[in-house]
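Both of the next two complexes hold chain A, though its partner changes from chain B to chain C.
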Partner chain A sequence: MRLITKNKKIASRIIEGKAFVVTPFDSTLHMFNPLATRIWQLLDKENRIEEIVKKICQEYEVDEKIARRDVNELINKLEKKKIVEVTDPERRNEISKHG
Partner chain B sequence: MKLANTVSEEIFRISEEKNIPLYVIFELTHRCNLRCIHCYLPHLNPLPLREREEERGRSRELTRIEIKSILDQLVKEGCLHLVFTGGEIFLREDFYEIASYARGKGFDLRILTNGTLINEQTANSISELCPSSVEISLYGAKAVTHDKITRSPGSFQKTIKAIKLLKKKGVSVIIKCPLMKQNISEYEDLWRLSEDLDTVIKFDPILAPSNNGSKRPLTYRITNTDLSKIFQDKRLFNSSLVPSYLRQRRIRLRWKLPVTSNFICSAGKNLCSISPYGDVYPCLQLPIRLGDLRRKSFNEIWHPEKHGLPQIKKMRIAADKQTRYTIDELRKTRIEDITVCCGCSSAGICNRCPGLAYLEDGDFKGPSTIACQVTKIIKNTV
Partner chain C sequence: MKKDLQIQIADLSIAGEGCKLSFLRLLRKRYFSFLSRSHPVLFLTLNFKKSRDYLQTPNVRIIKEKKNGCFLIQRGDDFVGVIDLETGKGHVNIVEDIYSFDSFLRVLFSLVLIKNQGFLLHSAGIVKDNSAYLFTGPSFSGKSTAVRLSNNFPILSDEIIAIRNIKNNFLAYSTPFWGFSKFNPGFVRSAQKRRFARIKGIFFLKKDRRTHLQRLILPQAFRRLLGNILFFSTDIFLIQTVMDLVNNFLETVPSYELSFLPDKSFWRELP
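Entry: the complex of A and B
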């Protein structure tokens, strides 16, 4: 189970319904679309993908499979850009058991 | 779900349209350990009197609790880009507490300093803050030139040391260099020095008057001949760091692109500055006082119409200025209101700064001597 947390080093604001995020490592400004903005807001309270998918399904008329795919896609993109940090405690435990 | 790549224009457009203070320049102190000859902050002379003046200023400065409360308000208003500047900000003992608080509130932070108080430990702390950039003032490629301008022997060595320390810690450093008669002969050496330090350098060839209207700093401005030489330097225009009024106009002229008049800026629309004493201004360079954060909330000052408050009628302005404006007038000013300039044949390539027009010529809706001068030079050099 992956846990998602916002990178504390990034800067962000939600302006007129859109999230604007600055990655200070490369001084780049990113703009999120409305759904990505909603996920970004949910990350303030939730850090598990399953919970986020559940909330998105409740708020939007969307199939769970599609929602999960979209959320995962976004999280992967954000992780690559160091906007969020993804940890997997189970995997970490596995590694420590066998490592 | 896609992340947009080009968003600067979008956020600028939204914030200007909705008067969201996206960019805030926060002066944390006017105290400084250097005595730069061209400083825009009005100070008493002779120098010994300044010590007492600064001490008085210190007691009036916003406390860290007041600053935190203002930062909280700015979060609600939508401010994203925050600049901490001085004076010399590292003279504030609570700087890291304030800056850490700002980072925790999700501001994109830029720090302006002379670097002289930065050591190994402070460089570490700055690195942990993860600012977008630390901008350090450097006035010469040689110690003797820099120290003469700062009137502080040894300041060059300290500033260079700070740049190296910050670079070592992986902090993005930008050297800021106002060009003046005293350092123009070292222009090439400054380029080389910035390369040696593996950093970028941002030149500004136009000095501004002091914020009290004193034109003393203008006596150090470089000559028109030197300005012409500078404008012919391709490196300056290739860099994204030069002032936009230089870069954009030249590029547009060179490529014969449509040029538009740009007499109005975003000061008071999506940009403002806050003094160490809580006064709000449309810009650091446009000292029209909009309100006092010790008496009113930011929202009351920035959106007086929402609170049923009368627009500020009387504003404290530089002693020799006659014209008074409200924030509403600032925001509603159109190109046609700049009556003297809008009929000018060079209007299309002029990038007049309302703040400079105000400080130097007395009216932010009037022509700007330096803009006319620069426009003429650009026309002749391109």
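Entry: the complex of A and C
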């Protein structure tokens, strides 16, 4: 189970339904589309991918498969840009068990 | 406290001591219209040095120190200092030339303004009917051209304007920072005065074959405006403050894209 947290070293603001995120380490302003903005808002309260996928399915009335693909794609992009941090506690436990 | 020099921009006064008399005369001449005697928000101890590496292309750094409100500011070998916005004191080592000092002032005011609900914007500012019209965009977008075509109106600057939120009114203030118009000293002398006016609108310039005005929605204007603010820090708190200020500014002040043919007719299109 992957857990997503917003990077604390970024600044963001939502303006008329669009999230704007500044990453100071590369001085870049990122503008999110409405779906990405909604996922960004959900990350304030929820950090489990499964729960975010469930919410997106309900709100946008899309198949779980499509929602999962979209959420994963966005999270991977945000992780690459260091806007979010992704951790996998189960995998971490596994690694520590097996040394 | 001994104050050799006191410069005021956007009603914020910064005092400094430590200048040699010959350099002090030069600075007083350069910033003549912006000299002040009001209570300073910041008092600086300046240490001037002679050497300068002419081949460097240094980046500006503003780094938050551990102490609350304390910032290190640096531009290569040109200047380095620690500014404490909480106590209102600072120490700066700076090369004794007018270019380094001007660059230092821009960086310093970009920081001091954020602390005082304001920011520096790359824009030309023109006052008409007691209202400020701000024309913004990157270099060569037409800021100096707009000023040149408006020489019957008071000018705030052709390059950098200070903006402050005073009791939910956004005001534009003149600055001593000028672009291409500085090559016309007679024009600058007559235009460069300490002035301010309530902002009527902000116009993102686009050179075109016709003059055309289009209202921008807030997210479009936000992205564009953020890119034209003089801002050097990587500190999260300062970035967040600027984002909040810009959002507040754009909710109050209407923004437009102004496609313009470089002649005086563009004024007819403005609200």
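Definition applied: the second predicted complex is superposed on the first by the 99 of 99 C-alpha atoms of A that agree within 3 Å, B and C clash if a C-alpha of one lies under 4 Å from a C-alpha of the other, contacts with A are read in each partner's own complex, and residues count from 1 in each chain.
By our rule, a residue touches a chain if its C-beta (ideal position, glycine included) is under 8 Å from a C-beta of that chain, and two chains touch if they have at least 3 such contacts.
Predicted model only: the values in this text are computed from it and were never measured.
Peer 1: When the two structures are superposed on chain A, do chain B and chain C clash or fit side by side?
Peer 2: Overlaying the two complexes on chain A (C-alpha atoms) leaves chain C and chain B clashing.
Peer 1: With the two structures laid over each other on chain A, which partner does A:9 touch: chain B (first), chain C (second), both, or neither?
Peer 2: Both partners, chain B and chain C.
Peer 1: Which holds for A:31: it touches chain B only (first), chain C only (second), both, or neither?
Peer 2: both
Peer 1: Going by the contact rule set out at the top, does A:77 touch chain B (first), chain C (second), both, or neither?
Peer 2: The first partner, chain B, only.
Peer 1: Between chain B and chain C, which makes contact with more of the residues in chain A?
Peer 2: B
Peer 1: Using the superposition on chain A as set up above, list the residues of chain A that contact both chain B and chain C.
Peer 2: The answer is residues 8-13, 15-16, 18, 20, 22, 24-25, 27, 29, 31 of chain A.
Peer 1: Hey, which residues of chain B end up touching chain A in the complex?
Peer 2: Spelled out, the residues of chain B in touch with chain A are 1-5, 7-8, 10-11, 14-15, 18, 20, 22, 75, 78-81, 103-104, 106-109, 130-133, 172.
Peer 1: For the complex, which residues does chain A have touching chain C?
Peer 2: Going through chain A, the ones touching chain C are 8-13, 15-16, 18, 20, 22, 24-25, 27, 29, 31.
Peer 1: Under the touch definition given earlier, write down the residues of chain C that touch chain A in their complex.
Peer 2: 217-219, 222-223, 226-227, 233-236, 239-240, 243-244, 247
Peer 1: Going by the contact rule set out above, which residues of chain A touch chain B in the complex?
Peer 2: Contacts found on chain A: 8-13, 15-16, 18, 20, 22, 24-25, 27, 29-33, 35-36, 70, 73-74, 77, 81.
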